[in-house]
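In structure tokens below, several structures.
You will see two complexes here that share chain A, one where it goes with chain B and one where it goes with chain C.
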Partner chain A sequence: MKTLIAISIITLVAVALVSQLHFAHAQLAQQTSAKQYINLRAEVWNEFFRMTTAAFTVGAIVSGTMIWLVWRFRESNPKNKSPTKWEHLEDPTSGSYEEEGH
Partner chain B sequence: MVLELQKPRPVWQIMFSTHHTDVGYLYTITGLTFLFMAGVLAMIIRTHLFFPGQGVLISDSATFNRIFTVHGLTMLFLFALPVANGIGNILVPIMVRYKDMAYPKLNAIAFWMNPVGGALLWLGFADTTWVSYAPYSIIRAPGPAADMFIFGMKILGISSILSSINFVVTILKCKHPDLPLRRVPLFAWSMLTVSLMTIVAMPTYAAALIMMLTDRLGISGFFNPFAGGDPIAYLHLFWFTFHPEVYIFLLPAIGMMYEIIPRFSRKPLYSQASGVFAFVMLGIIGFASWGHHMYSTGMDFTTKVVFMIGTLAAVPASGMHVFNFLATMWGGRIKFAAPMKFAVGGIALFFSAGAGGVLNSAMPLDFISHGTYWVVGHMHLFLTGTIGFGFVAMVYYMFPYITGRMYSEKWANVHFIGMFWGTVQVFFTQHLLGLEGMPRRIYDYPPEFTSWTQLNQIASVGAWILGASFAVFLASLIYYSAKGKPANMDDPWGLGGKYYYPVAAKNPHGGHSGY
Partner chain C sequence: MGHDTAEWVFVAIVIAVLIYVGVDSWIVQKAVEDVPADAEVIKVTGQQWFWSFEHADGTKEISTLHVKKGHAYVFEIYSRDVMHSFNIPDWVVFEDAVPGHTNHAWFAPDTAGTYPIQCREYCGLLHYNMRGSLVVEDDKS
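And now, the complex of A and B:
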């Protein structure tokens, strides 16, 4: 699980940064002619759609996971009738994953 | 065990108390009062913008400017900060196992500065915007409103610094010696982080306010271009304080979710260490990104890239919180009582607002969205969607312990549905308005711009739904604190286990028997 989290975080950063490089390159090479100004406007909107695609993709994955979590682990789910192993403790929130070797 | 309801104490006994839970109640109730006052201003603004070109509610632009200025100031400094401080006051000493805050009298003084600062802001009703842009705020903003704004903010800033010093000393110096700092609950960690940030950030704004005052008096010309000053310098000083302040508003709400989510998932927090790491990271990164508010002020390319990367560095730390919440819920047996509903709703909207933030931080895109309603939508999605949901979750969580009575789950559901629906409708639509090119802070717009009209009307309907949900919340708070069923203090939601911190908070003068 921790590896999955680490990979997800690295992917998030990579998606955010890589999609910027194209525009950064374009801006460094920019000239002042009207034609290139229009090109840059196109680049900006291209960048916008790239980033919204990235944001919506990651957002859909996280939101989808959350919706599934809410549906699957709600206490009224028939698969979830029996108490969790932590509920046998005096305080279910007081244990720790690290101590139990997860 | 059902505890007998305690005999209500006289109000003056709470008002003049220096005990941490009493000061916490005062902070929380004051903050909620200002929330409803600022909410009324928001309803006026949105109703006005429903009708283009008619001025139904507000007859002139100056009044409109005053209303949105005071709305913003109140929500940020008289609702968000006091409620965070209030819950912090109630829980932090208990979480670090100390009898009170480190400096109880200073704590009470810090609270009582809030009504004074609030009175100055509301009686002045300045029109400077909450940023108080120079040179307008120096040259043109009418007094005494602008001067009252300066003094009001000064008092609120001093209050923030005093309460922050108190939190830092309480957590670092007064915690029980058997409690290692890494084991301190994450809500207390969030308060420690924001307190340290406040101590570093706030003096800069305090200096800027003094410079602004002397500029207004004609003694100096720091930000006055006619006297050789630089208005952009004010923006640097302002955003050096107030970009970190965004995290100062946000992190306590995240900390509150850390208290609620494991409890209602009936299992331990997935990772204490990653929560601590993410708080500290956000505390540091918060100072590396203020320039992204000023891309369009003529900054050079390299500086902009540095600020862009600094801003994006907040993504992994924020992601760690989200993953920590999801991993905590995974494998649990979740009870969706009101606090959990609001906490989960807050996480979903936190992610949406964060995605918008990534787009804002990219400098080419920032030029498109700068000064438009996109920014209004993004900022409000954070403030309402994450901070608002986190705080409301915590108010429901603490309600049985503060009042001794149970709220109505049915009306809390109505509140949740209305608040979630309204937040999405009004603030997502404002993003679209920004892409349609509507500038922020405008009094009116031409009815011929049909897309603006339609989107504004959708946003206003969303705002009314949001407002109605808060009317339900207010009525529910008042009615059920007096007429609600007596709560089972050991386990108000039937989750099992021991609720150490809120139970100890219920009995403020009887020691912390939870340990």
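And now, the complex of A and C:
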């Protein structure tokens, strides 16, 4: 789990940094000549692809978490043979498991 | 790792992505809306059902707009009657023409050629035919 989270964070940072580096590089190149203008079409499409990447990243994290939840807490999982600490409570919505001494 | 930690990491990742989306969009929007200082002003007037243009030197054109490659232009877009929308799809110019209000859009063509101009706001019977042409010419000066 820790490895998965670490890989996710590193990937996110890389995705964010790479696009920003490209943008900074393009802006630096623009300053070399007063007659160079940004390409609106390219900027808009690049932004679209970066936002798509962000949207798919969020989608992957959310759907991945849900898939893991379903897989981990399925009835047939050997880890679920004994009740979880929460299931020891008579009413899981009241109080916390620490107070119950589990 | 406890459940609380995992949940906070999850929340932090989502917040980080949202911050990235906001900051990146803001930077790009600023860059795209920033009109170059040397941009030449072209007044664009929409009326049922054609476009007319006036260059900075007073030259007027109807339906066909001539510009030079490698120069920046800023459009001052206005309407004489109803709402129109000035659109040059090939150059990502898309701005409403509103009576009593001037909108701005800029572009800097880097490829010579002829490109369509069209109205993108339903403005009456002949809206479909409210078209024009943008002619980008090589700068020989």
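Note that the second predicted complex is superposed on the first by the 57 of 102 C-alpha atoms of A that agree within 3 Å, B and C clash if a C-alpha of one lies under 4 Å from a C-alpha of the other, contacts with A are read in each partner's own complex, and residues count from 1 in each chain.
Criterion: a contact is a pair of C-beta atoms (placed from the backbone, for glycine too) under 8 Å apart; a residue touches a chain by one contact, two chains touch by 3 or more.
The structure displayed is predicted, hence computed values, not measured ones.
In the overlay built on the shared chain, the residue A:L69 is in contact with chain B alone; chain C does not reach it. Contacts of A:N39 after superposition: chain C is touched, whereas chain B is not reached. Number of chain A residues touched is higher for B, counting chain B against chain C. Shared-chain residue A:T84: touches chain B; no touch with chain C. Once the two complexes are laid over each other on the shared chain, residue contacts for A:T57 go to chain C alone; chain B is not touched.
Comparing which residues of chain A touch chain B with which touch chain C, the overlap comprises 1-2, 5, 8-9, 12, 16, 20, 23, 27, 43-44, 47, 51, 58, 65. Residues of chain C that touch chain A in their complex: 1, 6, 9-10, 13-14, 16-17, 20-21, 24-25, 27-28, 31-32, 36, 38, 70, 72, 91-92, 107-108, 110. Here chain B touches chain A in the complex through residues 262-263, 265-274, 301, 305, 308-309, 312, 315-316, 319-320, 322-323, 326-327, 329-336, 344, 347-348, 351-352, 355-356, 358-359, 362, 364-365, 367-368, 495-498, 500, going by the rule given at the top.
Residues of chain A that touch chain C in their complex: 1-2, 5, 8-9, 12, 16, 19-20, 23, 27, 34-35, 37-41, 43-44, 46-47, 50-51, 54, 57-58, 61, 65. Across the complex, chain A meets chain B through its residues 1-2, 5, 8-9, 12-13, 16-17, 20, 23-24, 27-28, 43-45, 47-48, 51-52, 55-56, 58-59, 62-63, 65-66, 69-70, 73-75, 80, 83-84, 86-87, 89-98.
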